[in-house]
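Okay, got some structures for you below.
Across the two complexes that follow, subunit A remains constant while its partner is subunit B and subsequently subunit C.
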Partner chain A sequence: MRARALAGFAAAGLGLSAVPFFGPPAFYESFLYLVFHWIVLAVSWNILSGYSGYFSFGHGAFFGAGMYTTATLATKAGVPFLWTLPLAALVAAVFGIALGAVVFRLPRLRGELFALLTLAVTFVLATIVLNTPIDGGPGLYLSAVPLPAIGPSPSSTFYLLGLALALATLWIAREVQRSRLGTGLFAIHDDEDVAEVLGVPTYRYKLAAFGLSCGLAGVAGGIQAMFISYVTVGETFSIAVPLNVVLMSVLGGSRHWFGPAVGAAAVTALLYAFTAGDYAVAGHAAVGLILIVVILFLPEGIFGELIGALKRRRVPAMPPIDAAGLPAPAAWPGKPEGQALLEARGLCKAFRGVQALAGVDLEVRRGEILGLVGPNGSGKSTLINVVSGHFRPDSGRILFEGRDLARLEAHRIARTGIARTYQIPRPFAHLSVLENVALPAMFGRDAQARADAEREARRWLAFTGLAAKAMSLPGELNLHQRKFLELARALASRPGLLLLDEVFSGLTHAEIDDAIRLIREIRARGATIVFVEHVIRAVMELTDRIVVLSYGRVIAEGDPRAVMREPDVVAAYLGKPRA
Partner chain B sequence: MLEVERIRVSYGAAPAISGVSIRVGAGELVCVVGPNGAGKTTLINAIAGLHSIEAGALRLDGRDLSRLPRHAFCSEGIAIVPEGRRLFSGMSVRENLELGSYRRAARAGRAGSLDRVCEVFPILRERLEQPAGTLSGGQQQMLAIGRALMAQPRLLLLDEPSLGLAPAVVLAVFDVIREINAGGVAVLLVEQNAALALEIAARAYVLEEGRIAAEGRPEALLAQADIRRAYLG
Partner chain C sequence: MGLPSLTLLGQSLLSGLFIGALYGLLGLGLSLSWGMLRQINLAHFALAFLGAYLTYQLAGAGMDPLATLAVVVPFFFALGVLMHWLLARFSVSAFNSLLVSFGFTAIIEALIQWIWTADFRRMESAYGEVKFRVGALYVALPELLTLAMALALSLLVWAWLRHTYTGKAMRAIAEDAPIAAAFGVDVRGLSLLLSGLSAAFAGVAGLCLALSYTLAPGQIYAWLGVVFAAVMLGGLGNPLGPLVAGIVIGVSEALTMALTAPAWAPLVSFSLLIVVLLARPGRI
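And now, the complex of A and B:
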């Protein structure tokens, strides 16, 4: 697959780089250079913003940083033009990573705030450049900087530079999309918290994507500085760059590495075709109209819709799956059952004055099924959220295999062998059911390669009865199936400790019977299970011990039948005696 | 009061329910049971105007509802507790409840309804000024039920009201449903806890694979062995 793609890129590169040697008019070379220029900007923007959904309106800042790096070094320090380009990439990338290192730590800066912040950074940078010796106001002239003769003419040199960078950018974007980094970024796009809990190092991945994206924009800026040969703050840091880039990516399709290139080529060609003549204003209006129509009728973008239509036409035939070949969930050889696997000591967590956990002490023993019950709001889900790293505890310790998890990032907790489900299912909406389940296998303890992860995911789908839905999107599943998708996703990381949050709720009597069999089988394969549940029948049939929480404290624990008869438990939880 | 006549609703090409007819009389409590994926949520959402109907008719007191815009269902006196709660999570508990009484007929009784809801779910009174998103899952379910009650509906649609609630609260919720029904409100209840639902319902439908498989009085349905095994064990 990769060899074929490489051959395709090489053929495109060779073919297109031959164009200048046929002596086309300089004007066409310059136009094609501009197409390449916008392809680089749109495709590089897409690596962070399209894949992960962090819409940046600051691409102009990084593009500008590259532009001014080249202009400054070439005019003031006498550095040869080509040597300035790696430095332009470096300056832009470092600038992006420094910004990301601050911004990506703050969960509230997702969505619109991130877009606004990156836009603001553009204007701050413009002000700095304008009022310091970097520019100082008059702009920088590069007309005296010598241009290396790569092609037969100056315009062909720019054409070849642009072509090389565009191909390199497309290759990088393609490789990122197909790598673990890309898988992680697409998961972040749909639900960042869940991605982290499944083992994706979200912070590092966002930084890496941002660095790549900014570095490539920096090189594009360096070449553009030389192309226009007169660099000013007003032109460089205008809102036009990010707006064009966003538009091109959305138009082409931002969920595929090639989409933004299609959008960039289309918009550049349209602008040229309609605004080159005498009716420039009417031309702009026409381009706007075309864009509106495309966005209305092709919401996935031109290229995205095309790919989608192709995929629908050839649904891959799935070979039958042998559920019996299921891998065993993680086990710890040589360690006896019954010993403490997880210990919580004095766990506290408050939300806006509500004390959700008020000093919980709890032990989960290796190989057992522990039921966690209690009134609504007693802290059961919070406990799961704290153990899985979704929230950090205010105080207290969580010892797992003797290691304290309380200050560990969620993706590191996932790699120790802990998996969880969510009470209201939170699948990655744009990933297929199969991809949803393969992701934790790729990022969990065993960090499997994609092909192995998908094979394993199919087994877990067969195990949970979802095999027929492997290629569907989660939105096509009903609530019951979405719950089992949660379960399959948690199992795919082969966890040693499985935390289940209300997997039985909303099931009919017969369906509960099936689910009970499933949970028993999971335990038989060596996993330890904690489950939060209100379906008392399931609690009684499955659990070895139960712990009752009320107002964030443990009020009872022990044998299920004995605990369920305790008057406190009946009063606080059951309402009337059961069992 | 409510007449659903041979309706069909589809997602994409495959119909989720087709040829489904049910009827809820004035002041009647009717429940729908069935396995997951049978189309119960689709049915209740269609009655609430959340899905458009492809074929068939939907009438409330003889008036055709299928041509009404979505928001008008509320002013007709239909309230729903939807699957997945669908609260306004950034707004306070009080604001969520007050929005429930948005329809003209319910505004006058707002203070009384609020008191009544807080009586049933005392925890909501403690949390009135807190954002709904900070409630626990079960508390959010209580709020969703409370919001529907605030509308003082003529027809109350409940999609799995017991989902995620502690056993004691489930009992309280079913007491309230029975009480509301006794006050003359017609109720259509979709519920997996079939034992409880059939206990309070006057009539029931069994929905399987998008079609009505059986209907009748709960005692009659439970006399059929296969239904008994599937839903009560």
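And now, the complex of A and C:
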């Protein structure tokens, strides 16, 4: 696959780089340079914004950082033009990573907020450049900077530089999309919290994608500075860059590396037609109008819709597979059953004065099925959220295999071998069922390669009876199937400890029987299970031990039948009898 | 660098107060539509500038700048209603409303450039000349008008939301629109009303822009960062928030400019915003 793509890229590169040697008019070369320029900007923007859904409106700032780096170094420090380009990339990338390191730390940073912050940064940077000696007002002239003769003429040199950078950017975007980084970014797009809990290092991945994206924009800026040979703040940090880039990606389709390139070519040609006819202003308006129309009518973009149509027509045939080859999950050799696997000591967590956990002490023993019961609001789900790292406890310790998890990030907890399901299923909406299940196998304890992860994911789908749905989107599943998808996804990371949050709620009688059988089988394979449940029948049938929570405290624990008869437990559920 | 004189400091504090009022006025409609309708209307700035240019045009034809409000406000109200109708018709998400209004911004900017060109325009009016002297400090009438309008509109909206039946219904919509609808609140009608009001406030802000500033299409974006910072600092949907936060930002900027160099002023709002977001994440 990669070899064929590489050959394709090489052929395109060779073919297109021959163009200047046929002596086309400089005017065509310049137009094509502009197409390449916008391809680089749109495709690089897409690496963070399209894949992960964090739309940056600040691409102009990083482009501008590259532009001013090249302009400053080439004019004031006499650095040869080509040498300024890596530095332009570096400056833009460092600037982007520094910004990302601040804003991605903001708790609950939503897409809208990120868009506005990055837009604001553009104008902050513009003002600083304008009012400091970097520019100071009059702009920088690069006309005296020597241009290396790469092609037969200056315009063909720019053409070749643009072509090389565009191909490199496309290749990087393609590789990212197919790598773990890309998989993680697409998961972040759909549900960042779940991605983190399944083991995706979301913070680092966003930073890496942002750095790459900004660095490539920086190089494009460096070349553009030389191309226009006169750099001003007003032209550089204008709204045109983010506006066009967003439009190009949304128009072409932002879920595929090649989509933005299609959009870039289309929009550049359109803008060029308007400019050539002296209607530059109308072109600006047309870009705005198309953006509105595309958002309202073509949310997947042109290229996205095309790919979607193709995919629907061609569902790849897959050889049948069954659950037989499944690895024994998480056998912890040499450690006897019955010892503590997870211990919580004095766990506390409050939400604005509501004490959800008020000092929980709890022990989960290796190989057991522990039922966690209690009335609504007693802290069961909070406990799961704290153990899986979604919330940090205010105080207390969580020892897993002797290691304290209380201060670990959620993705690190996932890698120690803890997996969870959600009461209301939270699948990644734009990933197929198969991809949903393969993801935790790629990011879990064993960090498997994609092909292995997919093979194992298909086995888990067979195990949970979802094999026929592997290529469907989660939206096409019914509730029962979505609950089992949650289960398959949790199992695929081969967890040592499985936290199940109300898997049975909303299921019919027959479906509950199905689920009980599955959970028995999972335990037989060696996993330890904690499950939160209201369906008392399932609790009684499955659990070895239960723990009862009420108002954030453990009020009883032990044998299910005995515990459920204790007066305190009865009172917690039904209230105290009147004397 | 020595400390600036007391008079200079006082004058810059005062100008910070006045520019803060304009931030607040520009932010008012933005905050309401974001906080209550979940629509992030980037086009609010373009609308304000369109209002400013209209005021400029009408004043040039001999109208009193304040009288132009009689034309601009109803027109903008209708524009706001129309825009909300479009967004509601396609049930556009908060994030996509940002993109759609980005598109509207580009269209309005092009329209302005087409009609009034990219040249700088300055409205000549009798108001611009009037200055009051308070002790050693000067206060210009347009700035005073801006402060008065920002205060009046913010307080009016606050009172409306707090003390009238429709205002309370509006707050219920902000909390949870489907539930409000289930209890008999006219979500559609009230949303159209609020969207119209937001746009009308942009028109008023446009008048204040035209009174105090030189206009150019590119200036639309100059206000964006600071005003959004004021909106977010003030708390979304809080009618007094943008004004209070705007004045805090304006005064801090003025102090920064007086004590360091003008180049660092834009950093003020941005850093304030980041600090508040880090310290009080629940605010947005």
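Definition applied: the second predicted complex is superposed on the first by the 551 of 579 C-alpha atoms of A that agree within 3 Å, B and C clash if a C-alpha of one lies under 4 Å from a C-alpha of the other, contacts with A are read in each partner's own complex, and residues count from 1 in each chain.
Just so we're on the same page, contacts are C-beta pairs under 8 Å (C-beta built on N, C-alpha and C of every residue); 3 or more make two chains touch, one makes a residue touch a chain.
As the structure is a prediction and not an experimental result, all values here were calculated from the model.
When both complexes are overlaid on chain A, the residue A:113 reaches subunit C alone and has no touch with subunit B. In the superposed model, A:505 makes contact with subunit B only, not with subunit C. After overlaying the two complexes on the shared chain, residue contacts for A:289 are found with subunit C alone; subunit B is out of touch. Look at A:238: by the touch rule set out above, it reaches subunit C but stays clear of subunit B.
Of the two partner chains, subunit B is the only one touched by A:374; subunit C is not. By the touch criterion stated above, A:143 is placed in contact with neither subunit B nor subunit C. When the two complexes are laid over each other on chain A, subunit A has no residue in contact with both subunit B and subunit C.
Chain contact summary for the complex, subunit B toward subunit A: residues 11-12, 33-37, 41, 83-85, 123, 127, 130, 134-139, 141-142, 160, 163-172, 192, 194, 229-233. Considering their complex, residues 351-352, 354, 356, 373-378, 381-382, 423-424, 476, 478-481, 502, 505-511, 513, 534, 536-537, 572-576, 578 of subunit A touch subunit B.
Interface residues of subunit C, counted against subunit A in their complex, comprise 40, 90, 92, 94-96, 98-100, 102-107, 109-111, 113-114, 218, 221-222, 224-225, 228-229, 232, 261-267, 269-270, 273-274, 277-278, 281-282, 284. Subunit A meets subunit C in the complex at residues 55, 57, 102-103, 105-113, 115-117, 119-121, 123-124, 127-128, 130-132, 234, 238-239, 243, 246, 250, 281-282, 284-285, 287-292, 295-296.
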